[in-house]
Structures are given as C-alpha cells and as structure tokens.
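Take a look at this one; I'll ask things after.
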Amino acid sequence: MKKLMNKPSGFVDEMLDGLVSANPSLALSGETGRVVHRATTIRKGKVGVVSGGGSGHLPLFTGYVGEGLLDGCSIGNVFEGPTVGSCMEAIRLADGGQGVLRLYGNYGGDRMNFDMAGEMLEDEGIRTTTVLGNDDVASAGPSERQKRRGVAGIIYAYKTAGALAETGADLDAVTAIAQKTVDRTRTIGVALSPCQVPGSDKPSFTLGDNEIEMGMGIHGEPGIWRDQLKPADTIADEMIERLLADKPEGVGSRASILVNSLGATPLEELFILYRRARTQLEAAGITIVRPLVGHYATSMEMAGASISLCFVDDEIEALLAAPASCPFWTVTA
Amino acid sequence: MKKLMNKPSGFVDEMLDGLVSANPSLALSGETGRVVHRATTIRKGKVGVVSGGGSGHLPLFTGYVGEGLLDGCSIGNVFEGPTVGSCMEAIRLADGGQGVLRLYGNYGGDRMNFDMAGEMLEDEGIRTTTVLGNDDVASAGPSERQKRRGVAGIIYAYKTAGALAETGADLDAVTAIAQKTVDRTRTIGVALSPCQVPGSDKPSFTLGDNEIEMGMGIHGEPGIWRDQLKPADTIADEMIERLLADKPEGVGSRASILVNSLGATPLEELFILYRRARTQLEAAGITIVRPLVGHYATSMEMAGASISLCFVDDEIEALLAAPASCPFWTVTA
Amino acid sequence: MSVTVSSIAFAIARANEAMGPLEQVLNDADAKLGDGDTGGMLARVIGKMAEVDLSGAVDPGTALSQLAKAATLATGSSLGTLFATGLLAAGREAKGREAIDAGDLSDLVATARDAMIARGGASLGDKTVLDSLDAIADAVKDARTPDQAASAAAKAAADALEAFRSRPNRIGRARMFGDQTIGIDDPGMLAIRELTAALAR
Amino acid sequence: MSVTVSSIAFAIARANEAMGPLEQVLNDADAKLGDGDTGGMLARVIGKMAEVDLSGAVDPGTALSQLAKAATLATGSSLGTLFATGLLAAGREAKGREAIDAGDLSDLVATARDAMIARGGASLGDKTVLDSLDAIADAVKDARTPDQAASAAAKAAADALEAFRSRPNRIGRARMFGDQTIGIDDPGMLAIRELTAALAR
C-alpha cells in the first residue's frame, strides 16, 4: 500500500506536528509530545473531558479537541494505545479543579493505561471518572455489552459530555450524560478492503477481490460474516436491522445517525448508504435528527463504512444541538 | 474496485437523494433532477453564484452550496458534464434579478453546456457572467494559462465570490473577485492509485505497484512524470517548488494553502504533507493564512493529494474569513 | 418533395430504432480512446428526442428547436451538446418556413456545422463529427429529394470516416492519445455514418 | 548478597544490551498472531529505563518506581504498561528497605504478578507473561543469592515457555486466533525467557 509518508517511525509525530500547526486552536504538549489539547488553558471550574487512543483513526481522537467537545487527548502510535505518561499529562492539562472525565473506547490496552494514569494522579489530588465507548454491536452479544469495543459512535458522547461540561456542570453530571449517551449508541461496520500500519510489510488483514466483511473492527478484528460484495441497499438493510435488533431498552423513536467512512470509501457511497438507511429507519417509525455523513472515525485507507445510531432523549438532543467547534466538526447555534 | 452502490445507472441520483436528505439546507430540483440549490429561495437583489460539473468529486461541486458560498449547482453523471438543461435550471433558480455568475472548472464539455445555457437564458432576460477555474499548473505551461484545467483551488473562488455576493455587491464586482481569486490560485496534484467510474469494468488509469504520477488530473489526465513512490517530504518539496515557480505576478507574501485528499488518502498523510509544505513556504518567506487540510475535491476512491495556494490580498483574506456554511465547510465569524 | 414536421418525426423514430444495435458498437469505439459512453449517450439523447410530441410544431424549424431542447435535458456530454447546438441553429434558420426543400438542406447542415464549431472550439480536420457534417453539407448540395439527400449523406459520411481513419484525433478526450489514434475510427464520425445509413435505408 | 540500586542499574543495562539481537526475534514471534511490535516496544521501554539516572535513588524500591515511570512514558502497548505496573507495585512494596534480599525476590515477583493480573484482567493459565512470572516467583523461593535467583528464574521461564506452547492463547490480540495459537510461543513469554537468560549469563 502506497503512503505519503517519510520514515514509519516519524509517522505519528509528523502527523501531529502538521495537525496542530494547521489548526491554531490546538496545541501539542507534554514530555511525551503526544498530548493534543486546546490552545487555551482550561477554564477554572470547568470539568475536563479527555479521550485517547491509537493513531490512524483521524478525525478520532485528537481531531475532536475543541470548544464544546474534548479538552485534551493522549495519542499513541498507530493502532497502539497512548502511553500512561501521556494519559497523565492529558488529564493534568484538562484539570480545572473540578475533575476530569476519561472518555475513551473499550480496548484492553487503553483501559490499562488510563486506569494506571488515573491511579497515579489520585496522589496529585485530581479526581477522575471513566466512561468507556462500547458501541460496536458486532464485537459481542447484547448480554456481554460491557465487552464490546468502542468505534465511531463515541463522538456522540464527546459531543454531549463536552457540551454539558461547557455549561459548568459538575463531574458527576458530565459523567452521567456521557454514560447515558454511550448506553444509547450502537454501531456496526462493514469492511471492503484493509489498511496497512506504516512500516508493516503487509495489510492488517486480507479480503478476496470481491469479498466484504460485516462487523469487522477498526483494526481488522474479525466480524460476523464474510461474503461476496452485495448491493448497497442490501448492506444498509442488514446494518440497520442489526442496529435495531440491538435497540436499547426504553428509548424513544428519535435517533441521530452517523454514516461514517472507514477511510477510502468516498462521500458518494456514504450518501447512497444513508439514503437507504433513512428509508428503513422511517419505515421502522424512527425519526432522524441531526444526521452526520462523512469521515468521522477512520482506519487510514481502509475501505468500508460504519453506521451508528444514537437514540436521543430531549437532553441528548439539546446537547447535540449546542455550539461546538473542532477542526472536523462544527455545530453552530 | 469494490463500491458500496446499487445499479451503476442509479449512482448519481441515489447519491444526490442521500445528500439532500442528509442536509436540510439543500434541495434538489428541476426537470432533470440534477440541480442542487439552497433550500431557501434566493434573496431578491442578491447576485447568484452557480457552479457545476461531473459527479464523483464530492464535496465538489454540490457540497459547496450554502450560505456565503454557492447558490446552486448543476451536476452531471460521474466525470461527465451537467446537461445544458440542468445548467439553465441552476441559473434560473439562482437569479434574484441581479444576474448570475457561472463559476466552474475549465473543461471543454462544461464550457459548452454553460455557454449554451447562458445564451438560451439571455432570451429570458437573465444576465450571466463566466469565470473559469484553471488552477492546475500541471495541465499547461504559464504562457497557456487559459488552457489549464480547474481542480480543487476553485473553492477559494467559491468562497470569495460567495461572501461578496452576500453583501449585496453587484454582478460585475462578484465576477471580478472570482476572477481575481482564480488568477491568484495555483494547484498541483499527485496520484497514487486510480478510481473507477461506476459501471466501468476497469480503473480510470493504471499505476505500477509502487508508482506515482505527479501532476495527474482528477479524471486521470496525464501528468508530468511517473516514477517510484518517494518520501512525503520530497514530494511536498517538488509540489511547493512547482507552485512557487508559477507564482502569479505582483502578489504579496501571504497565501492560504489547501492540502486536499483525492479520496482514499487519509488525513494522517495530508498532515504529514502539510507539515513539510508549511516549512518550505515559510522558508520562502510566505506567511500561511487559513490553512485547509482535508477532503475538499476528490475523485471518489482515488489515492493521492493536491496542494493549492491562494495568494491573498486584504480583500481576499477578509472574504475568506467571512462566515460561510455548507455541509462540508463552515467558517464562523 | 420537401422535409416536413412529420418527416422529421419519422426520421427521429428511425434513428431511435437504429440506436438499439448501435449503442454497444459506439460505446466500444469510444472505449478505445475515450470514456466509452458515446453509444449510451446517443441512445439517451435520441430516445429523449423520440419522446417529444412534435404534433404541435407549426413548422420544421420549430420542430428542430423542440428536439434541441429535449437533447439539452438528456446529456452533458460533448457530442450531445454539440448535437443540440446544431439542431438549435438549424431550427432558428428554418423558423417560419412552412417546409424545408431538399435544396435547402446543404445550407442547414452547414449552419449546424458552423454553430458547432463556434460552440466546441474545434476545427475542420480535427477528426470529429464536424468533418462528417462538412462532407454531408457538400454532398447534399445537388439533392432534389430528401431521399437523394439521405443517400448522398450516407455515402459522404462513410467516405469521411474512411478518409479520416488514418489521421490523428486533435480534440476531446482522444486528443490525449496523440498518434495512437491513427487507424482508429472517431466514435462521433462512426455514429454519423451509422445513423445516416439507417436514414437512407 | 542482596539486590542494590546499582545491581538493578546493572541488570537493566544488561537487559538493554540483550535487546539488540532480540528485537527482531520478538517482533517476528508477535507477527505470527499479533501486530509484530513486541520486540520494538520492549527495546524502546528498556532503552528508556536504561537512560534513567538511578544514582539519586535512595533505595531499590525507589529505583524500581523510577524505572516504572520511565516505562510509562515509552509505550502504550499492553506488555509495556504491564511491566510498568509490575515494577511500580514491587517498588512500592520495597520502598524504605535499604536492600532487597535474595529471599525477598519471590514475594516481590508475586506482588508484581498480582498487580499485573489486577491491571490487565487476565488469569494465570491464559498463556501470557503472567504465567512466566508465576513460575519465576515459585522458582526463586529458595534462592540464597541474586545469582542463584537469576539461574532459577531463567530455567523457570524456559520451562514455562515449553509447557505453554501446546496450549491456546486466551488474552490479547492472539486470542482472536483461538486454537491456531496452539504450538506457537507467546511473544511475552518468549521475551521473559530471553531476558532472564541474559541476566543469568
């Protein structure tokens, strides 16, 4: 796979350098050089919201640092968790005296690192809470929801927690809204072709010439089935069906939808998927609010798409509508 | 090449259906069903700004319909010009009584269609002017600049013409700022892998396993050279060098830069390119204003990137900063 | 005998029929040097023209203008727009005349040809439909009946295709291939040969 | 004889040397079922620890904590963070003691092992570094000198690797491959065997 890069060892640091120099609202800090945070210092009294994860998923994770979203983000090598040190630095920078929510995807490595960071910071008197994104319905059954991996749907929790934190809400409230948002968000992805970690000599997985995999994870974790490519409408139908079969208990009939490119899949194809998804949701009595279509959480040049549903209530819907601005997502009042 | 689509014959219409239903600020109209315009009707007295072109380049062209940008856009089949009929419809819908600027890329087919549409609308009493994007420095030498094709850089003219039109400026002024912006904008692209037109059984061109082509056009038009993949910094250096060698006469030292993915190339790689481009521009004494990095003008799943420079003056810089909002580009005051 | 609204309608219907087997042939010809859509495009354009109800057209000129408008809705490709341009120009010239005499056909084709040159910026000799039309304008000069004109046109279009085969394309997508286009038929010229042959049958 | 700050520094330096030829071997082992980075990661972590100036450390426990902190800056991978976790826990336990007796080593390794179980959520028997550490904790119980402990540890780590080869991985990336992991060495366990062998030399 051809990549526009220099040495693989510089991939992440050069990318971060470019990211923050192209976006003056962001700054890069820390002994590790792997913490992206808002260029302004945190407002005293504001609860901090931080995330983190491996590189290779832009706009995730660092791209969501901005007003009404994240305060900071620790970032690891490609598909590798952020270091404990960078997690600590991100949390410290996001602490305005009212504590910090750690909001990240449910991956073993990331959990270890954020947990360890949190424990080590307790000694410094920084209070932290944790909410784990676990929206990927393909990664475990409904009875083992806490084992599910986090994928694109986490941006809904970034948005609601970030918006509530801006209002001056306390750590418990910010944590609660993030948890509620995660609890109401479901995602499924379909992969059409793999990506390749810089420096690796082979792709992260292989698929046949005309083969796709339903439910594959964003690092190539095995999915639900492999089969020949099918028409977009057939694929959208199955994705929506699986999401609705996993609809959380007790939610209403309004949902936001995110149709996300895993990387190489162009906007044209996303809109073809969206069109069918919307039809199927409406047929199921669901009203779509604030649809999002685009590149929100990728795996570099992987081809494929994911669909997320966030079943809103009045509180979530209002927070999704609150102003927000980061390099890749702007919501205006 | 695997695509998330249904029948190739439905590709464009299904895509447009998805685009407008996901973006309530847009509407799809006309006997041809191939005109995207603002959902609100044009303000009486406002000059209209329309564009158009083939499908397969999202966010170009239809994605730039919105406040402070385009009023409407006619759109053709993939890599095929819009019909004369749809150009006429787009112009009619954008006419608020003060005339309409036709602002589109310099391709023979598109010119025929927009010219014919303009002539036929003269009878209806609609005044139109034309500005052609011709930013691709690889497509002809500086002495034949009027022959150059238009690529990603046209969005700068969308922005300035769109912003000036919102202020109530007249058609001559809007046309003049679009022309000035085009005259100060230069682009060069590098292709890493091809895309495939839906329904076609082969890619739009072929490149060797480790081969790239400098200067290739967005439909696969031949470029300047083909060679083995080089480090990103080497590629960025050559691109910036070629752009600066073609720097327009009499411009100052401030420029906006657009580092654009042709489709499959991920944000990570764009930021690696941006980082080096910035360094080289600064070394050449150029101050970067309002950098843009992302997917702004693509060729579906083509891998590669383009770099555009728009050499600003005070007027252009102020218009770039004016508020604007379309599905893929938001500028807030 | 002269060309009337109903003979125009008949000619379009016949061209539309002819496009059935032709579509793939023309696509294949275009695929060699272009984007392989000439056949599909022409089928769409002529199909759209065949749908037009010409019964209300007061004269042949108006009929040609109505057909031109239909074409502008059906395609954005070069050849389609050039067709529409030619029809529109010929229609304007003929407007008001109750019928078109066979002897007027040469001038009308020349008018269409010139409008298409003005629209597309190509020149005679670039190996395009223009060269076919130019040959036709010349060949139908002495035709006394529409049938004579049709046979002369078919022969001229066939001869032009032969004559230009050994020359390079100098316009459109094919131009990028330079001398590789020598020996290959231009899809637009091929289309004209086949359509005129169908009308002459 | 007992373990001092300077013998810790010496051990790290030796491990760092050993990583030279080991890096590729461990990457290759990880590539079979994981992401092929175990060697590169360990080289980075141990390299970073080797850079730490331990001369200011008041006791072995403090030295271990300083090494743990260095490790937390160098990697975000599972094994690296588990190493740091183990070192930190052992360091906390040893803090205040001027020296660590050979007889204390078993308890310290067990402390590290338990902290790593708590952090990573894996169990003994899952075919991970935990199983190597568990075997080492047991084997060094009766060691009188650091040298005896090193030999015993090396033998235990080698035996554990052999014993677990025929079992499946039940944690981490390798778990996705299920029974395909039977017959393949766990890269973390392989790393422990090689590093303890280097220390015993």
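For clarity, chains are labelled A, B, C and D in written order, and residue numbers in each chain start from 1.
FYI, a contact is a pair of C-beta atoms (placed from the backbone, for glycine too) under 8 Å apart; a residue touches a chain by one contact, two chains touch by 3 or more.
For clarity, every value in this text was computed on a predicted model and none was experimentally measured.
No other pair of chains shares as many C-beta contacts as A-B. Between the Cα centres of chain C and chain D there is a gap of 81 Å. Separating the centre of chain B from that of chain C, both taken as means of CA atoms, is a distance of 33 Å.
Centroid to centroid, with C-alpha atoms defining each point, chain B and chain D lie 56 Å apart. Shown here, the protein chains touch in a chain-like sequence that does not close on itself.
Applying the touch definition to every pair of chains gives A-B, A-D, B-C.
By the touch criterion stated above, chain D contacts chain A in their complex at residues 35-37, 69, 72-78, 80-82, 84-85, 119-121, 171-172, 176. Here chain A touches chain D in the complex through residues 31-32, 54, 76-77, 79-86, 88, 108-110, 112-113, 115-116, 120, 197, 200, 221-222, going by the rule given at the top. For chain B in complex with chain A, the touching residues are 2-7, 11, 14-19, 21-22, 55-56, 58-59, 63, 190, 192-193, 210, 212, 229, 231-233, 235, 259, 263-275, 278, 291, 293-295, 298, 300-301, 303, 305, 325, 328, 330, 332.
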